[in-house]
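Presented below are the structures under discussion, each in the form of structure tokens.
Two complexes, one shared chain (chain A), two partners (chain B, chain C).
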Partner chain A sequence: MIVCVAVVGHQNNPLYIQSFTEADDALKLHHVVHCSLDVVDERVNNPKKSGPMLNETYLGLLYPTENYKVYGYLTNTKVKFILVTTDLDVKDADVRNFFRRFHAAYVDAVSNPFHVPGKKITSRTFAERVSTIVKAFGLSSAG
Partner chain B sequence: MGREVSESCVESLLIEMVSSYCNRFYADKPELAARRIEAIGYQVGHQLSERYTMERPRFIDHLEAIKFICKDFWSEIFKKQIDNLKTNHRGTFVLQDNRFRWLSRMSIESSPETTGSSQDGEDKAAQAMSMHLYFPCGIIRGALSNLGIPCAVSADISHLPACSFVIRIKA
Partner chain C sequence: MSRVVGPRSGDAIFASVERVNAELFTLTYGAIVRQLLTDLEEVDEVNKQLDQMGYNIGIRLIDEFLAKSNVTRCVDFRETAEVIAKVGFKMFLGVTASVTNWDADGTCCSIVLEDNPLVDFVELPDTCQGLYYCNILSGVIRGALEMVSPL
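After this line comes the complex of A and B, so read on.
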């Protein structure tokens, strides 16, 4: 299950962050997202480790914590997408697919002429679309 | 698939936008009109670059981003690529389009009067033409800025409908 997704701008400013848990742990999840930004920077600045996947937008598993797995995605325009999940056994293809759809939703949201670049995304349509994508995550593999 | 827009509608809209800014909103301040038109282009370029770079790996250097502008970005907007790219390898790039779409159906109004005023008319026509180039300049600047390359873009008409865009990357 996805517990949190976030969009972070190129100056590490939060553009959109949403948690999907019943419990009151939004702060903890925000902290996890915050920590992941350093890992993204590290990945991008020391690309040797990535090897053949050099400069791919999908960054893969950023780091596992005791309860969560954090995945990252960095667009050409230096916008970061972060995904926090509690699933232990996640298929890479599912995560890629998730980020692709998330990115598409983001592009549509920022193409709104009333959206101010660099400001938080407040669009309700975007929020609804994201929660649909989050709900659909992993359904294909779970059957 | 994406929704499509009639090309003639887009061209009419652009012409109308330029004429509204130049003749109505800022009739006596052409510099201000130019700045406003460029700003609109900037926003458009900013948004388009986000969309068109979706499925590709990140660019490693400036040249790669400029090549993207010349090839994929230009084809998406104008259905053709830039014809010639020149660079001095020190941050200046010249993109030449031999048949720039937004100028291809434009004609310079030749004044039928005496030779004295024809020079004057030509200057006026060139100025009107250059007003139409602030929008594409803004698009290029917006796209590159969004890709992390701050720059200044100017346009230069040698002979119609050829047009070249000069990109100067800020160090």
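After this line comes the complex of A and C, so read on.
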């Protein structure tokens, strides 16, 4: 089950954080997201020379902690998407699919002329789309 | 015998004109509105400016419209509204509008765009709730009709 998604700007400023569970402490999730940013920076600065791996956008499993798994995705504009989930058996393809749809929703939100780049995303449509994508992810991995 | 050319449908004209990327168009219009808001700050002022800009476009656009579409003179206001919605919008924006909400006199109606390319991705923030984002369209219609009105 997805616990939290976050969008972080290129200066590591948070643009959007949404948690999908009331059980866990919101602050703890923010902390988890923040720690994962360090891992992202490390991966970005030391790219693994593993042959023709040109797809630098999807960063994969960043690090497992306690009962969470954290996945990362980097866009060309250095905006990072962080996904925190409690699922134990998450298929890689599912996460990639999730990030692709999330990226599409993000692009639409940013195309709004009233959105200021660098400020928080306040679009209600974006929040709704993210909820839909998260629900779809939950259904696909449970089935 | 000279050939008489009948009025062309909106689809046919739209297919024959040069096109521009829809996203570029949407983003450009969004940038215009944003800049107007920054410069003028008042929502009413921005509405007036958009209307004025549309008016200036409309008085020029009407000639192109008449030249390309070959419509005959409209008999009454109902026909005018239909032509605007079906031929005009189709020709320039590529979308078809519908005319509804006729009042008792037949002097007032609503032209509804189901799928407006100007407003893709746009969400009005709470600070601009009185903004008529597409007011340029009403200006265009006003300008165009003024040039062909019999008065």
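In this text, the second predicted complex is superposed on the first by the 134 of 143 C-alpha atoms of A that agree within 3 Å, B and C clash if a C-alpha of one lies under 4 Å from a C-alpha of the other, contacts with A are read in each partner's own complex, and residues count from 1 in each chain.
To be clear about the criterion, a contact is a pair of C-beta atoms (placed from the backbone, for glycine too) under 8 Å apart; a residue touches a chain by one contact, two chains touch by 3 or more.
Since we're looking at a predicted model, the values are computed, not measured.
In the superposition on chain A, A:Ser111 makes contact with both chain B and chain C.
Of the two partner chains placed around the shared chain by superposition, chain B is the only one that A:His103 touches, whereas chain C remains out of contact. In the superposed pair of complexes, A:Arg124 makes contact with chain C only, with no contact to chain B. In the superposed model, A:Leu74 makes contact with chain B only, not with chain C.
More residues of chain A are in touch with B than with the other of chain B and chain C. Legend: residue contacts after superposition of the two complexes on their common chain; A:His10 is shown touching chain B, with no touch to chain C. 111, 113 are the residues of chain A that lie in the contact sets of both chain B and chain C, per the superposition on chain A. Interface of chain A with chain C (complex): residues 108-109, 111-114, 122-125. Residue ranges of chain B in contact with chain A, taken from their complex: 43, 46-47, 49-51, 53-54, 56-60, 146-148. Residue ranges of chain C in contact with chain A, taken from their complex: 23, 26-27, 30-31, 33-34, 120-125, 128. The residues of chain A lying in touch with chain B in their complex are 10, 54-57, 74-79, 103-104, 106-107, 110-111, 113, 117.
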